[in-house]
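Below are two complexes that have chain A in common, paired first with chain B and then with chain C.
Entry: the complex of A and B
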């Protein structure tokens, strides 16, 4: 199921994701809980490249890698990250497989961001804030919408312009049965 | 990754004496007691200890973020009144039960994050194939970090593309090999002291709580 080449690609995309995560760390946050989600760019791009098992393994690697680098593996942050990432990855994968070419990366990214935020809000209401936190739902979804559009535009531009990505896709295509 | 991390990252002083798996398992052993401590004063003191230890581990703590986190958790708990009314601000009733629960929950979460920060390091090797894949990913991550200076903000996609093409030409992805090997240092005496001190502080606080209450 996982050839050496596939594992290398997963590891490389996971590393790319971790790198973008460190880049994002440099940006100031206007709201403490707000983040752009730059690390999701390789996950969105990987829709074009990886089959389902490899795709979800990449998501696991991304979450584990970030948890190890940031030191959050033994905290609730990991649970939130894991839940949000897998929920959004599943929705993005379904959107890509079911709606392509009628949906762009922007639409896919927005769906993923909203799903991730919804999953994390449900978790935070259950474990941290209590039922009153439903009041912040519109704010969180608004933030998800903005960041989703931004990352989607970025993913679309990268996919269109990057020679490296084009070569990666071409190589993967040649390997497909 | 070496104890002295690259670039702007800080030195992990604990990595000089404590092996990553030891730190991880010690951290995990503290978690049950940490959840069972209810006294806010004890919890607050332990959060300070955890923050200090995370600082020693080279982790930068955004105190404002955690202050905001505790504040927001407390705020949302106050919206549901429980117990004796302490004050009334407009339509809001600040109750003792809600206030205590909110602060305790906020401190618990902050402490858990700090505990994780000093217990988990990138050098921690997870077992099995997932662990192997993670090691490969960290190898590539280091490679990309090496090329980060060539990436410019004005031409972000173009410069990033150049770096990726140079480091990882498709079809010629390098294998991690020896470069992924990490130096693990450990000092038995410091490890025992660390275990006794952290274990004593957290499990001792739990014991103290039962003696007081």
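Entry: the complex of A and C
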């Protein structure tokens, strides 16, 4: 299922994701929950490059990398992150497969951010904080919307302009029958 | 780079969900508080918005809890020192009163507006 070339791509994008997690970790957070979601950038771009199994393997890599960088691997935060990431990856994958070319990375990114936040808030209401967690949801959603738009714009521009990325896509296209 | 139709739909949808929960969050905040009464073998919850008397049985006898004008207090209790009655009215989030001899514990929640922050840890 995973040829060596595919695994190389997954590894490269996974490494980018982990690197971006580190970059994000360097920024101070004005609000504890505020995340830019930089690590999602490779995951969004990978929609153009990877078929479904490889794509979700990359998502797993992203979650693991993020958890290692943030030191949350052995905490409940990891499960939240895992669920949120997979839910949003699924929605983004469906948007990409189903709605293109009438959607760009901006819409996909915004939907991904929304799904991730909804999934995590449902988990925190069910298992940890109880119904009062609804109150912080607007904050999550607002931040997610704004950062989702910016990540989406960046992803779209990068995909349109980068020659390296174009070469990557071309190679992947030739390879799969 | 131009927005396509489903980008616009995604943005409007996200914004809609955001506004929906903002409005919902505000309406929740305006809710009256509630009081939770814990006895030895029971946990009861009542809204503070309705006046009522609640009688609970404990090891020493009966405790009478009165909800009145959005506050809750021990009206009387069959204990020796009546400390619980002297604790007076409670109404805000995190306030409590207890009758230890009779094993009755009373605390209020909700009413975000008058919550006093004890500590914030991030």
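Keep in mind that, in the parts below, the second predicted complex is superposed on the first by the 175 of 177 C-alpha atoms of A that agree within 3 Å, B and C clash if a C-alpha of one lies under 4 Å from a C-alpha of the other, contacts with A are read in each partner's own complex, and residues count from 1 in each chain.
Definition applied: a residue touches a chain if its C-beta (ideal position, glycine included) is under 8 Å from a C-beta of that chain, and two chains touch if they have at least 3 such contacts.
Only a predicted model underlies this, so the values are computations on that prediction, with no experimental measurement involved.
Model built by superposing both complexes on chain A: chain B and chain C clash. Within the superposed three-chain model, A:114 lies in touch with chain C and out of touch with chain B [touch as defined at top]. By the touch criterion defined above, A:157 lies against chain B and chain C together after alignment on the C-alpha atoms of chain A.
Among chain B and chain C, the chain that touches a larger number of residues in chain A is B. By the document's definition of touching, of the two partners only chain C reaches A:104; chain B does not. After overlaying the two complexes on the shared chain, residue contacts for A:173 are found with neither chain B nor chain C.
Of the two partner chains, neither chain B nor chain C is touched by A:52. Contacts of A:95 after superposition on the shared chain: chain C is touched, whereas chain B is not. By the document's definition of touching, of the two partners only chain B reaches A:74; chain C does not. Clashing C-alpha atoms between chain B and chain C appear in just one of the listed stretches 7-15, 43-51 or 79-87, and that stretch is 79-87. Touching of chain A by both chain B and chain C, each in its own complex, is seen for residues 32, 157. Per the touch definition, chain A reaches chain C in the complex via residues 32, 95, 99, 101-104, 106-108, 110-111, 113-114, 118, 134-135, 137-138, 141-142, 144-145, 148-149, 153, 156-157, 160.
Against chain A, in their complex, chain B makes its touches with residues 24, 27-28, 31, 54, 57, 59, 64-65, 68-69, 72-73, 76-77, 79-80, 105, 109, 112-113, 115-122, 124, 126, 130, 133-134, 136-141, 143-145, 148, 157-158, 160-161, 164-165, 168-171, 173, 175. Touching chain A in their complex are the following residues of chain C: 1-11, 13-15, 17-18, 21-22, 24-25, 28-29, 112, 122. Those residues of chain A that touch chain B in the complex are listed here as 5, 7-12, 14-16, 18-19, 22, 32, 57, 60-61, 64-65, 67-78, 128-133, 157-158, 161-165, 167-168, 170-171.
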